[in-house]
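Report on the following structure.
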Amino acid sequence: MTRALRDRFLAARKLTIDLVKPLSDADATVQSMPDASPAKWHLAHVTWFLETFILRDHVPGYKAFDDDFAYLFNSYYEAEGARHARAARGLITRPSLTVVQTYRAHVEAALDAHWNNLPETALELVELGIQHEQQHQELLLTDILHLFAQNPTFPAYWPEPVMRAVPDQQTRTAQWLAGPTGVQSIGHAGSDFAFDCEGPRHEVFLKPFALSSRTVSNGDWMQFIDDNGYTEPRHWLSDGWAWVQRERVEAPLYWQKDRDGRWLSFGLDGLRAVDPSAPVTHISLYEADAYASWAGARLPTEAEWEVCAAPEDASAGNQLDAAGPVRPNADGADSLFGNVWQWTGSAYRPYPGFRAAAGAVGEYNGKFMSGQFVLRGGSCATPRGHVRASYRNFFYPHQRWQFTGLRLARDV
Amino acid sequence: MTRALRDRFLAARKLTIDLVKPLSDADATVQSMPDASPAKWHLAHVTWFLETFILRDHVPGYKAFDDDFAYLFNSYYEAEGARHARAARGLITRPSLTVVQTYRAHVEAALDAHWNNLPETALELVELGIQHEQQHQELLLTDILHLFAQNPTFPAYWPEPVMRAVPDQQTRTAQWLAGPTGVQSIGHAGSDFAFDCEGPRHEVFLKPFALSSRTVSNGDWMQFIDDNGYTEPRHWLSDGWAWVQRERVEAPLYWQKDRDGRWLSFGLDGLRAVDPSAPVTHISLYEADAYASWAGARLPTEAEWEVCAAPEDASAGNQLDAAGPVRPNADGADSLFGNVWQWTGSAYRPYPGFRAAAGAVGEYNGKFMSGQFVLRGGSCATPRGHVRASYRNFFYPHQRWQFTGLRLARDV
Amino acid sequence: MTRALRDRFLAARKLTIDLVKPLSDADATVQSMPDASPAKWHLAHVTWFLETFILRDHVPGYKAFDDDFAYLFNSYYEAEGARHARAARGLITRPSLTVVQTYRAHVEAALDAHWNNLPETALELVELGIQHEQQHQELLLTDILHLFAQNPTFPAYWPEPVMRAVPDQQTRTAQWLAGPTGVQSIGHAGSDFAFDCEGPRHEVFLKPFALSSRTVSNGDWMQFIDDNGYTEPRHWLSDGWAWVQRERVEAPLYWQKDRDGRWLSFGLDGLRAVDPSAPVTHISLYEADAYASWAGARLPTEAEWEVCAAPEDASAGNQLDAAGPVRPNADGADSLFGNVWQWTGSAYRPYPGFRAAAGAVGEYNGKFMSGQFVLRGGSCATPRGHVRASYRNFFYPHQRWQFTGLRLARDV
Amino acid sequence: MTRALRDRFLAARKLTIDLVKPLSDADATVQSMPDASPAKWHLAHVTWFLETFILRDHVPGYKAFDDDFAYLFNSYYEAEGARHARAARGLITRPSLTVVQTYRAHVEAALDAHWNNLPETALELVELGIQHEQQHQELLLTDILHLFAQNPTFPAYWPEPVMRAVPDQQTRTAQWLAGPTGVQSIGHAGSDFAFDCEGPRHEVFLKPFALSSRTVSNGDWMQFIDDNGYTEPRHWLSDGWAWVQRERVEAPLYWQKDRDGRWLSFGLDGLRAVDPSAPVTHISLYEADAYASWAGARLPTEAEWEVCAAPEDASAGNQLDAAGPVRPNADGADSLFGNVWQWTGSAYRPYPGFRAAAGAVGEYNGKFMSGQFVLRGGSCATPRGHVRASYRNFFYPHQRWQFTGLRLARDV
């Protein structure tokens, strides 16, 4: 079993390296906004996590690769002491990308050398380290996308040779699918890996409801825009309306019009025509909520979403398999998983009986449980195998640089 | 029945006028922060509400007292058109307090003249108008308190002749009281008045829990302070910790130390010694949550609070009976109601099946359902009779100029 | 001579009281922006100045009217200790306007009682106190104008019965008047009162130049607007262009268009049609400089202005004689003095040999000598008799709530 | 003569390349604050200047290297159209440093190919291009210094093998040297190159004054600190005092204390002990003015400085000769030139008769003439040969990331 773990560990580490292959030292160093981190920082931070919580804590005599790295690459663990300010991560031009890759190799080699002597607790931390690395793989992609989007020359991360023709196919008609009701259970149970915030498993009471069979598409969204969706306050939450006006929001992030008034969107494969049949993405909770209100529907709660998703295959749909162009597409639309993270109407709060783990690792989730909303389902940038029905992602309601979208719900 | 309604209406209107008697024109005009409104604005706004939604909409031929007032005194009703910016309310020195009082009398007289011809819908709006006025009575008191607290001479709203001696009595020992569990119902039902956000009534599933028999006291809070509560990040939500550091928060709002290092707090009756046996107040959700974490407990959910409160007398405890000094005190501590609004751990979100009312009045609550937390129970500044077990108050997690406090809960 | 001083003192004190007669307690209390102060604050501050530097320092045994007032009404004298934050002056609703007027009377009576025993130094401070009060009279008027301009009902300070018809008369043609050149002297000399920054008198070397015979008029300014003056960057200083874009400036402060596209301007006498023949006012240094650049001219230096003004009658032109409507007008246009303060191209810096006075009074001017530009000539709101040829007023280049205008100059 | 010009041109271009040799692609891309620019941007911008104003405007048929570069690398020339926002220069990871170096080579080759056919106007622009490149060489060094100073590991640009021992030598005693008085001439005249703002040459009138024989040293500055220089408001300009408090300034930029309380300063050669005998640097105008006030002296005017400097050798002192460690030192202290730019008390305003050149190049200086102060003399980072007695450098009074210092003056 530790062999399988080791294979998965090495595969995850390799995928990270594959993802940054198209990046120059400069690409990997710059931070485009406080919410985003440099690619180089992601590479080093996930490695610091392994070095600290496994090698330092469980391998007697291990000597840190570089004593400055704890200060530079700790993200938010208060228990681990002072650290570099988040908004200033992009000012660290040294160590270089090359040195960081050496750091990665050094820590991997050290883990390899001690693998057979790691105690059970440390192996659990390896599992956590894999999951952690996968989370940062998705963030790395979305942070690079945000960075490249600031460049007026719109460089493509992974150029594709030809501009993909927008498929002729119609967006498929949405169906309302009724979900299970009454007393239901949600949350993770069992011995497989899950983050602490996914449990404890507990009962909820659900009124009759239905979920849409597909996520909202770009074509749907263009109708919302054309029907003054962004200028009519009655669709919007009060905070959302203030945000739209303050930020002059008129369309999803990364959308722009060409000279002929056609919508283009910038993605990891460059600037391309918006595909009406693909799921809309890069929208905030405020936009998702306004759309649902305009459509006479609502967002699902996280419980509604989970009870529908529980019987489904979480590894289906459009998810990340390898380094290469990723974009939500119409193909995976039959799955509840993949393509875009789906905003729910549920605030990210602890489940009944939740208790954060002890120690620094216990800071992983619990302290973020205010002001954020839950998203479910994974996206085209989520490494396949990472997401589950019980998986709770969370962002602030104005954030939209992730692959965020929505699926409508309604009362029955 | 309309007679009783009319008596309650007149009593509510009179209480407002009584409340502003100690205020000068200047006191009633200045706005101390964007979150607060001038007393004069409150007086005029609740009157504009009556004039617009009853007289204009239901009394044919009614002519507005002043055509500018809709622009000046609309709070946030997008459907009612453009309005004066909220943060600039304090720049309106004219109309004067006297003119606003004339406006009040004018609208009351017009209502009186047409009372017997008001349709049922209009009488429902009178009821809403009373409830609305009561809400603004509490806001008026807390906004004046905030204003006076900015004055380095610390003027008392209602001076009391002698500095009240801090009672000798011990803070009573807190008990853990188990609440009902399993499938329970919460939310308003029936024909009595309630705000739209209090319904629909619906089932929830509750795990075993207990509420504390009393709110957290000032004495408790001083222990939290002395135990480095405000300087130890592990107790705090991440957003809360950022807030504490950014705002340099070290104690509840309005607390200060005298030269001998004793805690004083400023209230509507001036600057006085902190009474250890009285409930702590003017704390943010972040502080409430950090305290609970420090105490090894948690905040109750709004459902837990409501199922415990449902059998209790909502008009009991320390609530507002008349214009005069108000301060949380130890006497009302046996009641779930009164003294201080109790932060819950529940985000303010719609209940299952919630649908906002049509028209401008429908903007009353629904659009505020993001980013805020629910508080329950009413305070010493809530007009007695206004609050209910199902009543949902809501504020942003950093706000603390209301009479906010907390009651601990825990899993059983 | 002290008799004449006393008469002038009492006249100045009375004018202040006359100026505030139209103001309510609320009008006199609110602060519309950090740069402005409440009228009540002006009333109290000039009185605190007298109380502190004359009564406290020169009348043995004098007891302060209220010990809190030094904290509340000190403006910026670091040597006088801690003081209330400037931006929070408008939060002081108590003491009331009435109490402040009592304070004024109390200090005047105390001065009266001790007048004959005041040492020479104290009498010099009386003179300074008069000049100081006159400065604050102008500020009081411009601060009230700014406050009333924030009120969407546009109340007039001194209503005039009829909307003044815009006179038919043409703006008079501007002449270029050559000034004296070569080695010239500027700055105050002699025993009459002058502020410290007006001296020492010293030589400057002037190249041939000419001043315009009149200030730039509203009619001129409308041509600048119509010729894209506000949207063409090449006319503007770099800081000015950034300011125009950041603040979305499109016209002088207080200008707005009516429904028919005609320019109105708000003044102390309410909202009225812009008079093309009157001097333009409420413009920033940036606007003045851009206009001059557009017009192929430049701003005069303060030395050029002063050598031209030295032989002229400084008490001529449109200046403040009594409490009542003030507005720049075409009538006083022959005078270098009055109507509008004229921006010069000179930075406000010390003259050669300048040395600030000792003590708190020495903070009067010297410490403001960075970042500001000099204005000359006085305005319609300057008490007649206050201004001189050597008088140096100064504001930051973006400020325009004073009665600021410009007179063109050019090289010959 | 064009041969000599060409040699100087090639030497200047080569020095730029030598300066960036220690920089990685990431070092050259990141922007540490809006006032600073990435090294890569400097490299490209000076090249765009040559390409645009010489090749595009004077070489028929020249085709731009890359059409996007005008947008990316125009600094502030409004006449050249829209451009990338200054504060976002650091987000441009592509083109890479390598591509930018290719761009440089391409433009140099094109110039070479057409050199013999360039009209006289174009050759003047080559001279301007050299001077422009030299200005950006100094900015490049100070911008990199600022960037590296944000890195908690304090990387040295040019590491020196050993920590230089602080010399034993005493700071030499300062002498007061009287300058010429009465009517004097300043400003550039003649056919040598000078920036437009250095003329026209004109008369000024100077009162008797003296300049210090040396700049203020680090040792002097430590005395100022120890005598509460940064905490005593009476030394400071009002804007300066507000800046000190807002920014919590306690020492020159890049100074920090080691664990033993000794002052270190970070420079292009890393973190080293402060040398008391070297000139103080990285101070703002506010600090310079406060120091002078504390020392009972004042800043010189730019005219005073220039009449003293006119007979001196402008190429003397500690200036930049080659790529390598630069730091102000005690050795060059006899010269008026080099080591540190000396703040003067003169606002940066046009000389009498100044008129900006026509066209885009005319935006070079004139539009920056508000809000800034003049500095004179060049620094250790100014390419030798670049500075003159009439040379006017200018920065805002709070800026201090340049090699700024001061030399005292006083009235005689």
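Observations on the structure shown:
Letters A, B, C and D mark the chains as written, and numbering starts fresh at 1 in each.
Keep this in mind: contacts are C-beta pairs under 8 Å (C-beta built on N, C-alpha and C of every residue); 3 or more make two chains touch, one makes a residue touch a chain.
Remember, it's a predicted structure, so these values are computed and weren't measured experimentally.
The chains that touch both chain B and chain C are none; no such chain exists. Within the contact network of the assembly, the step distance from chain A to chain D comes to 1. Chain D has its Cα centroid 38 Å from the Cα centroid of chain C. Taking the mean of the C-alpha atoms as each chain's centre, chain A and chain C sit 58 Å apart.
Every pair of chains in contact is given here: A-B, A-D, B-C, C-D.
Chain contact summary for the complex, chain B toward chain C: residues 24-30, 32, 68, 71-72, 84, 88, 90-94, 96-97, 147-148, 150-153, 155. Partner chain B is touched in their complex by these residues of chain A: 76, 78-79, 183, 202-207, 233-234, 236-241, 285-286, 289, 298, 345-347, 349-350, 352-353, 363, 367-371, 397, 411.
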